[in-house]
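What follows is a pair of complexes built around chain A, which joins chain B in one and chain C in the other.
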Partner chain A sequence: MTGLRGRVAREAIAADVVVIGGGLAGTAAALAARRSGRSVAVIRRSWGATALSHGVLDLARDPLAAPHAPLGERRSVAASIGALALRRPRHPWAVLGARLPDLARVLGAAGEETDGRLVFADLEAENRCLLTPLGAIKTTAGGQDTVLAGDLLRGGAVGVVGFVGHPAWDARLLAAAANEAAGAAGLRCTALPIETRFLQRADDYALRPHQLAQRIASDPDGLAAAIRLALPAGVERLLLPPLLGTGDPRPIRAALEEKLGLPCAELPAASAAPLPGLRLQQMLEALLEARGVQLWHGEVFSRDGTPGALFVREAAPPLLDPSHFDAGRAPVPHEPPAAHRVRARAVVLATGRFVGGGIRGGAALREPVFDLPVEGDARAGEAIFAAGVRIDERLRPLDRDGAVRAPGLFACGAVIGGNDPARDGAGLGLSWFTGWLAGEAAAAGGA
Partner chain B sequence: MFDLIVIGGGVNGTGIARDAAMRGFRTLLVEKRDFAAGSSGANSGMIHGGVRYLRYDRAVTELACIDSGYIQRIAPHLLFRIPFLFPLRAEDPSDPTLQERFLRYGVEVYLGLYDVYQPHKRGKASAVLTAEEAYELEPALARDLIGAVSFDEWGIDPFRLCAANAVSARDHGATIRNYARVTGFLRGEGGRVRGVTLRDEATGAEEQHEARAVVLACGPWTPKVAALAGVEVKIRPGKGVHLTLDRRVSNYGIICKAVDGRDVFVMPHEQTSIVGTTDDDFYGDPDDLPITEDEVGYLWQAATRSVPSLVHSRILRAWAGIRPTLYEYGKLEDDLSREHALRDHAADGAPGLLSLVGGKLASYRIMSEEVVDAVERILGVEHRPCRTHLEPLPGGERHPDVAALAKAHRLPQLTVERIAYRHGSNAEAICELADREPHLRAPICRCEQVIAAELVWSIRREEGRRLLDLRRRNRLAMGPCQGMDCAALAAAVLAREASLGPAQQRRELHDLLQLRWKGQRPVLGGENLAQEELSRSIHLGAGGEAPLAERIPERSEAAGQAGKKGEGAPA
Partner chain C sequence: MGSKLGADLYLAWRALVTHPLRRLLDREPQGKARFLRNYGGEGLVPTTAEDKAMLAAAGRCISCGLCDELDGQLGAIAAGEYQGASLLPRQYARSSVELRHAAAALEAIDPEAYRAGEAVCPTRVPLVAIARWLRERLARLRPFEQQVPAALPAPRGGGAGTT
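Right after this comes the complex of A and B.
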């Protein structure tokens, strides 16, 4: 696993478009602005919610579906978005209603930019149904191709691979859950509890996902051989734990498919150390570098709440640094480093919410870069998880009086309020959409 | 037909059931939720001598100290010493006022008086310290001291104490039933209470059980249950709020002065610290205790004033319990006696019904003894001596050699250390279980060092049926991650062991996370917000939606079969 890419911000930064935040929304904004030929700099503090995500790009859960029967009545992705917008007037899907005609084009760009690794279902089709490691069903329109291929609605005879003895990957529990949820869709799941060489040492049961993935990456043929031993006749495709390596999963998947002669897909992640999320983050950073985006590691703040007085300084020790997975490094308090000027024609705020640090808690919630007003209250209970800044339909952040804060300033992703990604099922897919639109707007505004 | 039915699975109920079973009574213990799910699991976790009560109830203090000594003897593995510091503060430490000097003298004398009772509980005598000595012991103390006085107390895991009593009762022949809710009383001639009707919360089945006597030990629920028999029991319920911090911040328990002059404390408890407590009258539903931001603010202000560096730690959760103190009119909450009362409700037209209210964690055993003595009198049977202070609780027989166990079973020593703390000598059996079924070696809760074998042990041997039961038995999800990292894994272990279906597995997970959310809600902010957002993304965002109507997993076949010693001779 590689660490953070890019340079530490110890000097002034200048670009046509500066994107603050390097998760999915920020990356989409940067890629969109690059497409319009602008010079782009992405500045971020560290990895955030994208790296810790389950790695799927969901647009909207069907708000009319019964929660325990996601496959009851199936509506299209577009209808789900419409229903959500109708029921929640402050939701980004409601605010951005006029921009929906752009949706198909923007989602298509994800596939183009990532060489097909990020894909979305057709908007007129229904959400894909994925089995999660918790034995639940996650509905999503988009995601990494190796994960989306596990759509339960495709039915058929599916083998669910788990590791004998590892508490996180119990094939029987997972297969039972999939059958219960999607049996009506013609799915027949068989549990494939497999014995593997890397689970025969006493301490192997303690292995974390990335450690399992490292072992699989070093010996995909061993995994294939173990699966073959447990494989009954008649299985048409396989669902595997999301452990196909720590980098690009496609070579490992290809190796498995070749050896077994069956299509293979990964489950999405559901853990505090999710490989699909980490992989997604690494893929995005590689993409930014390949597109010639300047990648900076630093903390951005504005002295007067506008993009005109923007500064950057070396980031405080990050909340999440990849090296923390290996060694428990404690943050050391230090003097605030010197601030350097950031000059841009347009700025995109893509700092995320609480995990990313785009919205900070405390007596009152605040947005730390531009001190934008935040809708949401710690006393409001669960509603706080929809807290964020308000925008207009051109992705411009609004002040308390509803006026646009500053020309050339745009916001995207989870820093926008009104959306509770966990409840609404409108997570990284919506971030890609708002990010791309914000990037395009910034490129146009910076012309 | 039972001799005795005990209602309530808190420390008193399980204590009474154990004592009664040991004296040969055919005993049934019923609890509507789980053992220690109410007040017995929501206190400060101390077997203390009640230094606070010395002012007005010297008898309570003495009783508590004597019995604290007994509890150390029967459950040595569960107790841990917490030395306390009572800091003596001054506006200007270089020139304390007359009043401040007087207070200092008072505290020295007061704690000196407490020393009289310390030998009962193997406590050390108090020491009068200079400010410099106090700073040396606890460098985190605010620099406004003119001195400090130490005193000695004992902490305990109250959940384990209740579970150990319940299991011991069962091992002595009692029938113990969690998730069995009393719905009414069977009445006989002259209003005699001759049994209970109850509902099995897992199957919904209604049952009737007859007994010669029924004891209510339902803590704050006592008035509610007594009302089913048409009997009025009055208590003065007081709500106590605690905060759990993410780490041990001190070696000593530290007494802090709250804004209203009350004493509160910060103390180390297992791997965390606890700040407590408030004391306010509460007349709402004991099943639904609200915690306000004001209560959190009150405790936090007091704690950070005495230990300023606390601001660097994180409040993991806030939690509340109800003290079922005896009814008294007009007194301030803090001045209420912690004395207990055993009532025979024959006078209220319900012969055969007894109730026990009041008292404190540290005196549960002596109170149980008193109750069973009274039952003997009512039933007119010959007195048999109580042995609950002599026979060790399960696991308390001897302390296992942790280093040797860890080596023999190739488990991390820290893990074995924690298992041995929770399970005493049974740690050996748990390690053997992990050897026999190697997949049970898997670490589940990394904060509190819980392995799958320990969970399975609690399911098979300790009546653990729900994920929340496993949390109570083993401190699962009680550490800094509050279940974010371990809840789903533990639910999978439970599902496999108890053969739960996928929907039920999700239900168990959901309920644990709901409890976690309830505790986090009053302390949301900063890192807690980020952690909760992440936890929601993992659990809720990954499709773990609100599940179907509540269902309690049925008792598994294996549970409780092992370790039964026969049915107990009739009295």
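Right after this comes the complex of A and C.
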């Protein structure tokens, strides 16, 4: 698999638009700015939550849905967004209410930019209903096309594939969970535990998802033959573990469909280092390179809290000075690498939340690049999982007094506060939307 | 009352005569050296300031597994010995007692191969430095290894499965 692309930031960087953060929101911002003809640089410290995601792009959950009834009243995606905005006035959907007419256009751009690998449901349709590898149900409006094709609401006779000899995907558990959750939608799931050629060694149970995916990619015909042996009559489509290769899964899916004569889809991911999330991250990086975006690996900071004094330095892992342990003092990091100037007409902050490093803990929550005020301090009675910076309807970060921090500075994605992804069901889909809008605003020249 | 006086006298004899004499005549190592002789083989060796700095850095690992996905050494070493780069900060960096069980893996790995995983680490765990440090720490344990039996002795009278 490919790691972080681009160059290490050991020199000054200049571009019309600088995007800080390389997850889905940062990528959307960079692509939108490139569409407007701007030169764009993306600087990121590491991978973050996008690489660890399910591989789905959710916009909003039906607010009346419950774990035992994941489909709730089966509202449309647009109605779910509206309901969330009404209930939560500080949620980004509420703050950006005036921009909702742009939603269909911006979501459509995801498919255009990714050659159809990222797709969204019609906003007037209901959320898709996906089965996770743990047997839970995940509702979402968008995602990678091979995952989204596994919508349980389509009903019918579905075969759920699992591998004998590997504990990660239990076909029987998954089939039972799917039948319970979506039986009312006419779904009839059958477990297909299959024996494969690539799981024969005694220690193969410990194979990681990407290792299994490599084996499947090298022998999709072998997998098809093994499935055919276990396939009962009457199955209309198949759900497979999210292992159809480490790159673009569509050729492997096409090979399976051709051999088996059945539509195939992948489950979303649920374990650590999920493959669909990694594939998504790697696809985004390849896309940025192909569009001529400068990719940098570095850590960005501002000396005065504005984009006018922006610097970057090499993102080397910080090591603590051992002498401070001997002296009984609090340890401090070694001297950081040299800083270099970053010049841009507009800057987009897309650093994510806790995993991405956009919001950091400590004595108080803080935003480390521009030292923006952070909402969501649990000690102040706020929801910490919705922590982030405040923005106005043009995605400009706000200070405590409600004033815009600086012209030419925009924020997008999970660094924006007010959204609790687990509770609200608004995750990477919202990141794409805010990222794209921020990129367009940055390309337009700032304030 | 008499028995208490006898006990006190006996304790005084032990404290003032027997014990000081034994310490004077005893050729066995004392203090830290004795501790290391007894427990060094189990991996209980001194934790230096550098060890503490590395343990703090390893403690940043959130077990996300991203580094494992970019670990080309995974699969080249037997799965029973090695299960990816994240095993270093998650397990072997935390307990010197367990370190000797990782000896085969630590000798097989190339620390420089962790550069790609280190670059994508969300919490910036210094994988290369940790791998080097673990090998050095393992070398510190080597002198004590011969004091440890290779395996626990069989139960008296023969355990299950013995002939």
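By our rule, the second predicted complex is superposed on the first by the 419 of 447 C-alpha atoms of A that agree within 3 Å, B and C clash if a C-alpha of one lies under 4 Å from a C-alpha of the other, contacts with A are read in each partner's own complex, and residues count from 1 in each chain.
Following the convention adopted for this analysis, a residue touches a chain if its C-beta (ideal position, glycine included) is under 8 Å from a C-beta of that chain, and two chains touch if they have at least 3 such contacts.
Owing to the predicted nature of the structure, the values given are computational and were not obtained by experimental measurement.
Asks: Could you look at A:52 and tell me whether it touches chain B, chain C, both or neither (first, second, both, neither)?
Replies: both
Asks: Tell me which touches more residues of chain A here: chain C or chain B.
Replies: Counting contacted residues of chain A, the larger count belongs to B.
Asks: Which of the two partners, first being chain B and second being chain C, lies in contact with A:355: first, second, both, or neither?
Replies: Once the two structures are laid over each other on A, A:355 reaches both partners.
Asks: Return first, second, both or neither, reflecting whether A:399 touches chain B, chain C, both chains, or no partner chain.
Replies: neither
Asks: Quick one: is A:314 in contact with chain B, with chain C, with both, or with neither? Answer first, second, both or neither.
Replies: neither
Asks: Name the contact category of A:134: first (chain B only), second (chain C only), both, or neither.
Replies: Only chain B is touched by A:134; chain C is not.
Asks: Output check: A:102 vs chain B and chain C. Expected answer is one of first, second, both, neither. What do you get?
Replies: Touch partners of A:102: none, neither chain B nor chain C.
Asks: Looking at A:211, would you say it contacts chain B, chain C, both, or neither? Reply first, second, both or neither.
Replies: Touch partner of A:211: chain C, not chain B.
Asks: By the touch definition at the top of the document, which applies to A:268: first (chain B), second (chain C), both, or neither?
Replies: Once the two structures are laid over each other on A, A:268 reaches chain B alone.
Asks: For chain A, what residues appear in both contact lists, the one with chain B and the one with chain C?
Replies: Correct list for chain A: 52, 203, 206, 272, 319, 355, 357.
Asks: Can you tell me which positions in chain B touch chain A when the two form their complex?
Replies: My answer: residues 293, 410, 438-439, 441-444, 452, 481, 484-485, 488-489, 491-493, 495-496, 501-503, 505-506, 509, 517, 521, 524-526, 528-530, 532-534, 536-548.
Asks: Going by the contact rule at the top, pick out the chain C residues touching chain A in the complex.
Replies: It is residues 48-50, 52-53, 56-57, 62-66, 68-70, 74-75, 78-80, 83-84, 116-122, 124-127, 129 of chain C that touch chain A.
Asks: Can you list the residues on chain A that touch chain B in the complex?
Replies: 49, 52-54, 67-68, 70, 130, 132-139, 164-168, 170, 172-173, 176-177, 180-181, 202-203, 205-206, 268-272, 274, 319, 353-355, 357, 360-363, 378-379, 381-382, 384-385, 421-423, 425, 427
Asks: State the interface residues of chain A toward chain C in the complex, per the touch definition above.
Replies: 1, 3-4, 45-48, 51-52, 203-204, 206-208, 210-211, 272-273, 278, 297, 315, 317-326, 331, 355-357
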